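I am attaching a structure below and will ask some questions about it afterwards.
Chain IDs A, B and C follow the sequence of writing; residue 1 opens each chain.
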Amino acid sequence: MNPQISSNPATLATTVAGMDAVADRVRPGVEAGPRGSRRRSALSTRNVVIYGVLSVVAIYYLIPLYVMVVTSLKGMPEIRLGNIFAPPMEITFEPWAKAWASACTGLNCDGLSRGFWNSVRITVPSTILSILIASINGYALANWRFKGGELFFTILIVGAFIPYQVMIYPIVIILREMGIYGTLTGLTIVHTIFGMPILTLLFRNYFASVPEELFKAARVDGAGFWGIYWKIMLPMSLPIFVVALILQVTGIWNDFLFGVVYTRPDTYPMTVQLNNIVNSVQGVKEYNVNMAATILTGLVPLVIYFVSGKLFVRGIAAGAVKG
Amino acid sequence: MTSTTLSTTRPKRPSQLFRNLSAKLASIPMILTALVIFLGGTVWTVVYSFTSSRLLPRLRWAGLEQYERLWATPRWLVSIENLLVYGVLSLIFSFVIGFVLAALMDQKIRFESAFRTIFLYPFALSFVVTGLVWQWLLNPEFGVQNIVREMGWTSFTFDPLYDQSIVIYGILIASLWQGTGLVMCLMLAGLRGIDEDIWKAARVDGIPMWKTYLFIVIPMMRPVFITTLVIVASGIVRVYDLVVAQTSGGPGTASEVPAKYVYDYMFQAQNLGQGFAASTVMLLTVAIVVVPWAYLEFGRRKRV
Amino acid sequence: MLMTQTRSAPVAAITEPSSVSVRDLRLSFGSVSVLSDLNLEIREGEFLVLLGPSGCGKSTLLNCIAGLLDISDGQIFIKGKNVTWEEPKDRGIGMVFQSYALYPQMTVKGNLSFGLKNAGLPRDEIERRIAQAAEILQIGPLLERRPAQLSGGQRQRVAIGRALVRDVDVFLFDEPLSNLDAKLRSELRVEIKRLHQRLANTMIYVTHDQIEALTLADRIAVMKNGVIQQLDAPQVIYNRPVNRYVAGFLGSPGMNFTDGEIALRDGAAFFTAPGMAVPLHKYRASKGTLQPGPAVFGMRPEHVALNAGADWPFSAQGPCEIVEPMGSDSLIWTQIGGQSFSVRVTSERAPQLGDIVSVGFDPINASIFDAASGERL
């Protein structure tokens, strides 16, 4: 890997010297010289550069998280004193309690808790519904190719690139006609619709990678469309369902735009409520409460991220899967 | 091989329409979404962008009036300029940083997964959270500027969120923090996809590592670059929540972006026609990026 | 679904009892024609091998018979019943796949019983059939395991078992041994042959491996570009290939081909090439008499003798250029009239490199093809 080591006589000398004990056993006729495993310094320039750069960048990435946590544990007087990087002199959980239960958004002062439960009530059904529909779509597309299927799929994928702003208003009209504008049901449907392209792509590609012979064998065995889906495909694709789950839960939880457009203040999801708390113009700015609220909102996706590890990476890479 | 011509006279098998019936039934949600929402919704918005709709959508034709007014509105021009600056810079920086990080990560290093976890975690956070954190960090009274001043440079000024001329860079910093990890991950996947033998061959031929990257690896990663470009670019056009959370478009209108313009005109200024026209322009912007890509990608596949 | 229509097709056309019968089958994907006007009659209890290189349409044909691909035109009969529009499960077939295609999340027993449960068979009948299949294939101890815990050979046994429990008349094998290593392949080959002798049902077997084809088949159908080139017993196909393609595809090491022409001298036919004149009076022409014209002379290496004396109908001398030891035999490459020519000899008799060897053969073993069409003359 590193040509410097082998060409550096000093390194060679030490390498050879280090093998005095071995040298005794060298058979006559075998030349002295490099032998055995090559010595490598852990502090080579290359390593210093690599780990140095990575560490600096890592610190840069971690600073915001650190500052968030530290700020949320300080009292307001301490914050006014000064250094946002300084660890709290006196740890207080009051900002957390306030952010959760009594921070004000405009008129109500019942904190983020309502937004949290709204988000739960949005995320759970949206995730289940969108994964169910998308997995069946993907399965139908991959294994039961029918005329026109690819055309609709292409529209769906192209649709994934259309800015949401273009489709927002027509959906408002549709939901209003259905009488569910401003309800959690309406938002669930919206999330299901906009989750469909990426999830369908994910499942279609996965099911297409399942050996076709397996599918053929099941057909010879007399299983039909639903039989093969429930008994063969679903049980053997649990990992991809987990990937989809991660993708959807984080995506829906983090959504802001649809929350703002399709819900009313009493059904606002957590992200919208957070923004209202922090950016509300009335009253004195309580930075510690704001940061506690911010962490609380980011907690669900962060926990999922740290728990799921590699699967999360697979989920986001799914966006890059070529069709 | 003899290929017989299709005989049209032969009666069609009766089950043709009902073949795969379950599959067709199961695909109804997808078909509805594709046709009604994606296709229908887009066409609807484009059509209504040529009307004088205000509070409610009305089919009262106004020709290109909405577009003329749009391009005469300073706030829209600022939005477009911001999008351009933000877009170009975030593409350049996220690609360069993302690729360098990926290349460093690909050196068979230890703690690789720890580093990856750190670089990617902001991506799990929402734009709202990202915007609020950086709003706090860039707060001139308490944040970075204050720290540096306390260290002795009393004249140090770094308050992008309160300076109209540089506010977009403040947003850029936050968005790079949030999104570069994704680019790194995609690039790393691309690097890992390159045949191990390529590296061995380059090593045997004595080609220095940087040259191998520049002349062999990067050209081989073209598909990854293109896919990443499309993903990042379509994200740039959509940027909305980050701005709302970090600056609310301010100071003044200095950090407005098109997506916010659309939302504000549709739901707050109750000027639907303006919103429709602005969103149609956004659609065109995306089309400029996506259509050539789709043409290359799918056109190429057809030929194979 | 819509069973009534599918049953209404005429059944009267059958004259002699065929187990599987494919008539005027045509299959095209869009404008690409894959199979066209293909006819095939397979007798009751016959072991038929579809042999050809990849992409020749042999697996496609098998999938059509199984009902896994919808054909564009033509008819398929199984046991005298028109199954052209039937679902695979209703065709009375069992199928074994190259990748085994075992359901990964089910146990061996679950794999074997899945089809029977779908067919709504009573539980004790399912148990009975599984026990029987397990006995025949010796997979009894594996019944509770999952496919991932099995070796390749065991997996393929289970896959065969899945076809077996269906208790059907026709077995379809789609390159079942291609994923196995050489040793296992020859073991299972014997086992499949034994299975056929025991069950005596119709088997259609797709492979690209000529050894499998030659050892297993009652008849071989050699395919190329979606067309059956020759359908006959293995020995006939090997010894009297109908065209140059079949001749070249079968046999390892491959047949020697020498370009030249047929000439008539004093009324007797000769094959002539530079430095070579082979009398053909003993050659059995397939169509009447041989006519003069460009031709290709084919001779299998094992039909060529080394150190041949003048008593052979044809002999020639050439340098020994390459020796390829193949274990018991060696392949010697020499030149006759400027065209390379191989001879198969037992390894003890192999000459040294550079020796001048004399080779001889009897044209009775030759296959002569028209240079233009490749058809056997």
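FYI, a contact is a pair of C-beta atoms (placed from the backbone, for glycine too) under 8 Å apart; a residue touches a chain by one contact, two chains touch by 3 or more.
What you see is a predicted model; the values in this text were computed from it and never measured.
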(message) Let me check something: if the centre of a chain is the mean of its CA atoms, which chain is farthest from subunit B?
(response) C
(request) If you tally C-beta pairs in contact for every chain pair, which pair wins? Let me know. (result) A-B
(message) Taking the mean of the C-alpha atoms as each chain's centre, how many Å separate subunit A from subunit C?
(response) 53
(message) For subunit A versus subunit B, what separation do you get between their C-alpha means, in angstrom?
(response) 16
(message) Can you work out the whole-Å distance between the CA centroids of subunit B and subunit C?
(response) 55
(request) Specify, in ascending order, the residues of subunit B that touch 2 or more different other chains. (result) 19
(request) Over in the complex, which subunit A residues touch subunit C? Could you list them? (result) 211, 213-214, 216-223, 227, 231-232, 235-236
(message) Help me check something: in the complex, which residues belonging to subunit A touch subunit B?
(response) 46, 50-51, 53-54, 57-58, 60-65, 67-68, 71, 79, 82-85, 133, 136-137, 139-141, 144, 146, 149, 152-153, 155-156, 158-159, 161-171, 173-174, 192-193, 196, 200, 224-226, 250, 253-257, 260-261, 271-272, 274-275, 278-279, 287, 290-291, 294, 297-298, 301-302, 304-306, 309-310, 312-313, 316-317, 319-320, 322
(message) Residue numbers of subunit C touching subunit A in their complex, please.
(response) 63, 66-68, 87-89, 93-95, 97-105, 114-115, 118-119, 159, 162, 166, 174
(message) For the complex, give me every residue of subunit B touching subunit A.
(response) 19-20, 22-24, 26-27, 29-31, 33-42, 44-46, 48, 57, 97, 100-101, 104-105, 107, 109, 113, 115-129, 132-137, 139, 142-143, 146-147, 150, 177, 181-182, 185-186, 189, 223-224, 227-228, 230-231, 234, 237-238, 240-241, 244-245, 248, 258-259, 262-263, 266-267, 272, 275-276, 278-280, 282-283, 286, 290, 294, 297
